[in-house]
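In what follows, structures are represented as C-alpha cells.
After this come two complexes, each holding subunit A, first together with subunit B and then together with subunit C.
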Partner chain A sequence: MVWRFLPPQVESLWTLFTAPVVWAIHFLICYVGAAVFCAKPGLFDVDFGAVRAGIAFATLLALSAILLAGILAWRQWGFGAGDPPHDDPTRHDRGLFQGFATLLLAGLSFIAVIMTALPALFVTGCLR
Partner chain B sequence: MATLFWVMTCGGALIWAGTVAVLLYAVRRRTLYSEPAASRLIFWAGAVFPAITLILLLGYALWLMPSLRPLAQPGAPTLRIEVTGRQYWWRVIYRQPGTPPVVSANEIRLPVGERVEFTLKSDDVIHSFWIPALGGKMDMIPGRENRLSLRATKPGTFRGPCTEFCGTSHALMAFSAVAMEPAEFRQWLAGQHVPSAGATGTGARLFIRHGCGACHAVAGTEATGMLGPDLSHLGSRETLGAGILPNSQDNIARFIAEPDVIKPGVQMPGFDMLPPDDIEAIASWLKGLK
Partner chain C sequence: MSAPAKKLPKADLEAQAERLRAVWANPTGWRYWTTVNNTQIGLWYASTAFAFMLFAGVLALIVRAQLAVPDNDLVSADFYNQAFTLHGTVMMFLFAVPIFEAVAIFLLPPMLGARELPFPRLGAFGFWSFFLGGTFVCGSIFFNAAPSSGWFMYPPLATDKELSGIGADIWLLGLSFIEVASIAAAVELIVGIMKCRAPGMRINLMPLFAWYLLIVAGMILFAFPPLIAGDILFEMQRMFDWPFFDPARGGDPLLWQHLFWIFGHPEVYIIFLPAIALMAMIVPTFSQRPIVGYSWIVLAAVGTGFLSFGLWVHHMFATGLPQISLAFFSAASEAVAIPTAVQIFVFIATMLAGRVIFSTPMLFGTGGIAIFILGGLTGVMVALAPFDWQAHDTYFVVAHLHYVLIGGMLFPVIAGIYYYYPLIDAKHLSDRMGRSAFWLMFVGFNVAFFPMHLAGLRGMPRRVFTYPADVGWDWMNLLSTVGAFVLAFGVLVVVVDILRPKHRQNRGEQNPWNAGTLEWISEPEENWGVRSIPHVESRYPLWDQKNLARDVNDGRFYLPDAEEGRREGLITSVLDGDPMQVLRVGGTSYVAIFSAVSLGAAFIALTFHWWIATAVSAIVCFCAILYWLWTGTAEIPEKPAKDVGLGLTLPLYASGPASVGWWAMFITMVGDSTAFASLVFGYFFYWTIHPDFTAGIAGPGMPWPMTSAVLFLTAWAATFAARQLNARGFVAGMRIVLLLGLMLTLVASAAGFAGPWSHGMDPTAHVYPAIVWVLVIWVLAHAAVGAVMQAYCLARSFAGRLTPVYDMDIRNIALYWHFMAITAAIAFAVIGLFPEAV
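Up next is the complex of A and B:
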C-alpha cells in the first residue's frame, strides 16, 4: 500500500491547524505580494505576468500541502472506517475525532485557496 | 448588468425549486432511507454542489469585472472627470489629454454612450459620490483617490446626493449629472475653455471689490480663489448651492446675502451688509455668465 510511504503519525493537537495555516500564508503571499508590487513600481524588475505566475506557483504549492494534510487526516480518521460523532471518552475516539475535524478543515482550506487565487486569473494589471 | 441579474435570478430560482421539491418529497415519503444514503446526499448536495456553484459564480463575477471597472485597459478613457468633495459642494475638473483642464462645480456633464472615468477625492471629511441612475456609489476619502467608471446610456439629468454624512448641511449637498449627446457635449466643453462673454463690467468690479474673488474664480477676471465653487459659467448651471435651489437671479441674490440661512454651517460668510443694489448687480452679472 502507498500509505506505508506516508510519514509516521504525529500525535499532536497542532496538526489540526496545518491546512488553515497554509491557507492564511497563501492568502498573505497573494494579497501582500500583489499590493507591494502595485504600490512600488520601481522595486521589482518584472511585469504583472510574473506576479500572476508567482501566485499560480504559490497556489499549487499550497494546494499540494493541503492535500497532503488532508490525506494524513484521512489516515488519522482511519480512512473513514467509523462514523462520526466519535464522542467516547477514549484515546482512540479522540484521535478519530481530530482526524475527521482536520479533514473537514483541509477541505475548507482547499476551496478557500482556490477562491483566493481566482482573481489572478482575470486581473491583468495594476490600477495606476 | 441585466444579464447578471437574469443569471442570478434564474439560477437562484432553480436551486430554490430543487430544494422545495426535495423537501416535499421528504414530507410525502413514508419509508426511511438508510443513514449512509442520507450522509451521501448531505455530502454531495450540501457541500460539494454549493462549493462548486460558489466557485463558478465567483469566477463569473470576476470575469465580468474588467468591463465594470476597467483597470489597466490599454485604450485609457479620453475623458477623466475629477470630483472633489468639500463641505458642502463639489469641485469638478474635466481633464482631457492635450487640452487645459476645465474647472467647474456642482454639476457634471457627460457624453452619452461613452465611458467616463471619475477620480474621486475629498479636501476635508469623507463624502460619498453617487449617481443612482448610472451606477454604484463610492466614498471620497481625504488623502485618497478613488476611481469610478460610468457610462450613461441615455440623455437626461440625474441627481447625485452626497451619501456619507459630512456635517450640518450634508443633506443639502447634491449635484446634477447631465448626460448629453457626444457632439453637444464636445461643443459645451469647448465653450467652457473660454471666459464667458459677460465676464467684464460693473458686476465684475463689484465682485472683486467686495472680496468674492478671494474664494471664487471667474475666468476673464482677477478672481482666482479656490476656496469656493468656480463661478465662471454659473449662469448655465441648472441649480444653485450644490443642487438645492433653482438657478435664478433671485436665488443667487439670496445666497449671497444669507448663505448660512440657506445652508447651515456653510463655508461662505453672509453678505447682507452690502447695499442691496450691489447684491442685485452681482447676482444679475453671475446669472449672465453662461
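Up next is the complex of A and C:
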C-alpha cells in the first residue's frame, strides 16, 4: 500500500499546528514577496506576472504540504475509523481526537490558503 | 492506579487536612497582601480590571454627554481627547486582556484539578505590575496629563511633544510595564495547561476553557512583543530624538501602524476567545449535556488563533499600500469568519441537542452572541477594502468594534460572573437583578450603538469633539447618549448585585448548576484548591465519575497531605497526563510585590526623565529578582522522591525539558524572539521604502559585527560545553569553561559595540544609524543578561546549589544561550552583511 511510504506517526502536540503553520508561511511569502516587489520593482528585473507565478507556485507547494498533513492526520484518525466524540480516557481515543482535530485544521488551512492566493488571480498590478 | 485509595480514619484525615490548610493558608493582617495564592491573586486581578472598566465606562459617559447635542461645550476639546483616548486604552489594555488573565489564574487550577499554577509568585508579580501600571495610566487624567492621541497613538501626532505632552510617555511606559505582566501571565498559563493537569486528563479530555486559554496565551506570545518593539522605537524617538517615525530623516509613521496592528488585531481575538471559552463552559452546563463537536471547538480556537495574525493590514486599508497587499489581508479577514462561525454553530447545536435552562448566565451569553454576530457581519463588510475606504474613521467603525467587543466580551464576562460567583463565596447573585441588568444592558447597548452605524454612513468621523447642528447627525447622537446611560445603568445593577452584603444568605450548594467540570469541586472556604488531586477519566468528571467529589474531599486521591510542610502539586505529561513529578511551588513572599514595585518605580521615573531614580529603582529590582531566583528556584529537595499516594512514587526534582522552568524559559524566549524579529522587520522595512536606505551614511562595517558574531557563538559553545561537562560530573572543568564563556561574552559585547561606535554612527541624524544602534543595543542588553546568567551559575555551583544531578540552572541558561546565539548571529549578519549585499 501507498501508506507504507508515509513517515512514521509522531506522538506530539505540535503536529496539530502543522497545517496552520503552512498557511502562515504561505501568507508571509505572498505578502512579503508582493510588498518587496511593489516597493522595489527593479530589484529582480521581473514583471508582476512573475510575482503572480511565484504566488501560484507557493500556493501549490502549500496546498500539497497541507494535503500531506491532512493525510497523516487521517491516518492518525484511523482512516476515519472511530467517529467523534473521542472522549474515552485511553491513549487510543486521544490519538483519534488528535487526528480528527488535525484533519479539521488541515481543511480550514486548505481553504484559507486558497483564499489568500485568490487576489493574485484577479489583481494584475501593484496599483491599479 | 486510578481507583481511589481506602478512606483513612477520621482523626488521620483531619490531621492531613490541618497540615494542608496550614501550608496553603494566607498570611494574616497587613501581610495578607503578600499572598501569592492563585485564588486571591485571581480575585484581586479580576476586581482591579473590573474597577478599571467602570472608570473607563465613566469616561465613555462623559464622551457621550459631550456628543449628546450639537455644538456642545460641556468639556474642553483637550479633555475630550484625553477622555476617549483613555477610554479606549483602559478598556483594551487594563480590562479586556487582564480580566482573562485574572479569570484564568482563578479558574484554571481547580478546573485542571491542580492545586496551583506552576509559578504563583510570577502570578503575583504580574498582578502587582498590572495594578501599579494601570493606576499610573488611569491617574494621569486627574493631572490633566492623560494620553490624548487616540488609543493607537499614531505618529506624527503622538511623537510631537508639543501636541501630545507627557501623556504619550505615560501611555508608552505604563503600558509596556503591563505588557510585561501579560507575557508573564502567558508563560504561567501555557506551562500550567500543558504540564499541571490532573493525572489522566489527556488532551482529548481537557476542559475547552483550557484549550482556548492555551491558544490565547500562545497568541499573547506572538502579538504583544511586536508592540513592545514598537514602544521601544517610539520611546527612543520621544526621549532621545531617534527618528524612527520622522520622514524628514528617513523614518516612516507607517512602521508604527504595522507594529501596532500586528499586535492590535490578534488582540481582538485574544479578548474574544477567552469570552467564548466561558461560553463553552456555560452552554453545556445549562444544556445538561456534553458539548457537541469538541474537536470542532479546538479547530475553531486554533484556526482563529492563526488566521487572526493575517488581518492586521485591514486597519491600514486607507494608507495607500499596494492593492495586492490589501487584497491578501481582505481575503484572510473573510477567512477568519469561518472558524468564528464554527464556534457559534457548535453552541447552537449543543443547545438544540440538550434541554436548555434559560438562566441568567445563559441570557447574558446568548444575548452577547447575538450582538457579536451583528458586529461580525459589519466586520465582513469593512474587511472589503472598497467599503472600508468609505467607512474608514467614521462612526460605522465605532459601532462595529463596540458590537464585536461588548457582544463578544463584556456580555460573556458578565455571564461568567453570574455563573462562577458561587465559587467565590458559595453564595448566589440575584437572579432578578441579573435579568433586569441584562435587559437594561441589551436594550441600552443597541440603542446606543446601532444609530452609530447610520451616523457613520452619514459621514460622522470618529473622535470629533463636537459637530454642527445642520448635518443630520443630531438625533442619532442624542439617541446614542440615552442608550449609553441605560447601558451604564444596567452595569450599575450588576455592580450593586456583586457588592450588596450577602451574609444573611445561606451557604449554597457546592455545585449549584450541576456542572460537569472539576472546578466545582473546590470549596470556597479552603485555600488548597483540591483536597486531593483526582484521577480524571472524562471530559465532565462530575457527571461521569461517580462519587468523585466525595472521594476527592475524603483525601482518597493523590497528594492528600503536606507532611513536609511544602506547597505541592503534580506535573503530568503533555499528551496523556501521566504523573511525572511532584512540583513544589513558592509560597507567600514579599519578593514578588517588592520586585513589581521597584520595576514600576523604574518605569514611572523614566516617564518623568528622573534618571537617577530610574537607575536606583532598576538596580533594586535587579537585586530583588536575583534574590528571588537564588532563594526560591531550583531548590535541591531533601530526598529524591516521595510517595504521592495510590502506590505511586514520583521524583521531586526535574531539569531540562522535563521541568517547568525549562519550558518557562523556552516560552519567554519565543516571545522575546518575536520582539527581536519585529525590530529586524523594521530594518528591512526602511530598506524597502528608500532607494538607498543608508542615505550614504557609513554603516558599522563588516569586520566588527562579524568578529562579535563569532565571539558570541564561541561564548554560546562554551556555555553549552559547560552544561555537558557538568552533566558528566566534571565540575571543575565546567567552572573553567563557564568563566571562559563569561569573558567571551564581555569581549563579544565590546566588539559589537565597536561596529557602529567606531564609524561614528549618529542615531539622531537619520533612521539608518538609529535602527542599527537599536539592533546592537538589543543584542548587548541580552548579552548582559546572558553574562549575569553565566555568573549566576558559577556562583550556584560554588554554593553547592548546582550539581551534576541537580542541574536545572545550567540547563535553563544553556537554553537561553541557544536563543542568544541565534539573536546575535542574525543581528550582526543583518547589520554587517546586508548593506554590502545591496
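Heads up, the rule we're going with is that the second predicted complex is superposed on the first by the 127 of 128 C-alpha atoms of A that agree within 3 Å, B and C clash if a C-alpha of one lies under 4 Å from a C-alpha of the other, contacts with A are read in each partner's own complex, and residues count from 1 in each chain.
One rule holds for everything that comes next: a residue touches a chain if its C-beta (ideal position, glycine included) is under 8 Å from a C-beta of that chain, and two chains touch if they have at least 3 such contacts.
This is a predicted model, so every value here is computed, not measured.
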Which superposed partner A:Leu118 touches (first subunit B, second subunit C, both, neither): both
Partner chain in contact with A:Trp74 - subunit B first, subunit C second, else both or neither: neither
Subunit B versus subunit C as contact partner of A:Leu127, first or second or both or neither: both
Subunit B versus subunit C as contact partner of A:Leu105, first or second or both or neither: second
Subunit B or subunit C, by number of subunit A residues touched: C
Doubly contacted subunit A residues - partners subunit C and subunit B: 111, 115, 118-119, 122-123, 125-128
Residue ranges of subunit B in contact with subunit A within the complex: 35, 39, 47, 51, 54-55, 58-59, 62-63, 65-66, 71-72, 147
Residue ranges of subunit A touching subunit C (in the complex, touch as defined): 11-13, 16-17, 20-21, 23-24, 27, 30-31, 34-36, 38-40, 51, 84-87, 89, 91, 93-94, 96-98, 100-101, 104-105, 108-109, 111-112, 115-116, 118-120, 122-123, 125-128
Subunit A-facing residues of subunit C, complex: 194, 200, 202-205, 290, 293-296, 298-299, 302-303, 305-307, 309-310, 321-325, 327-332, 334-335, 338-339, 536-539, 574-576, 688-689
Touch list for subunit A against partner subunit B, complex: 48, 83, 107, 111, 114-115, 118-119, 121-128
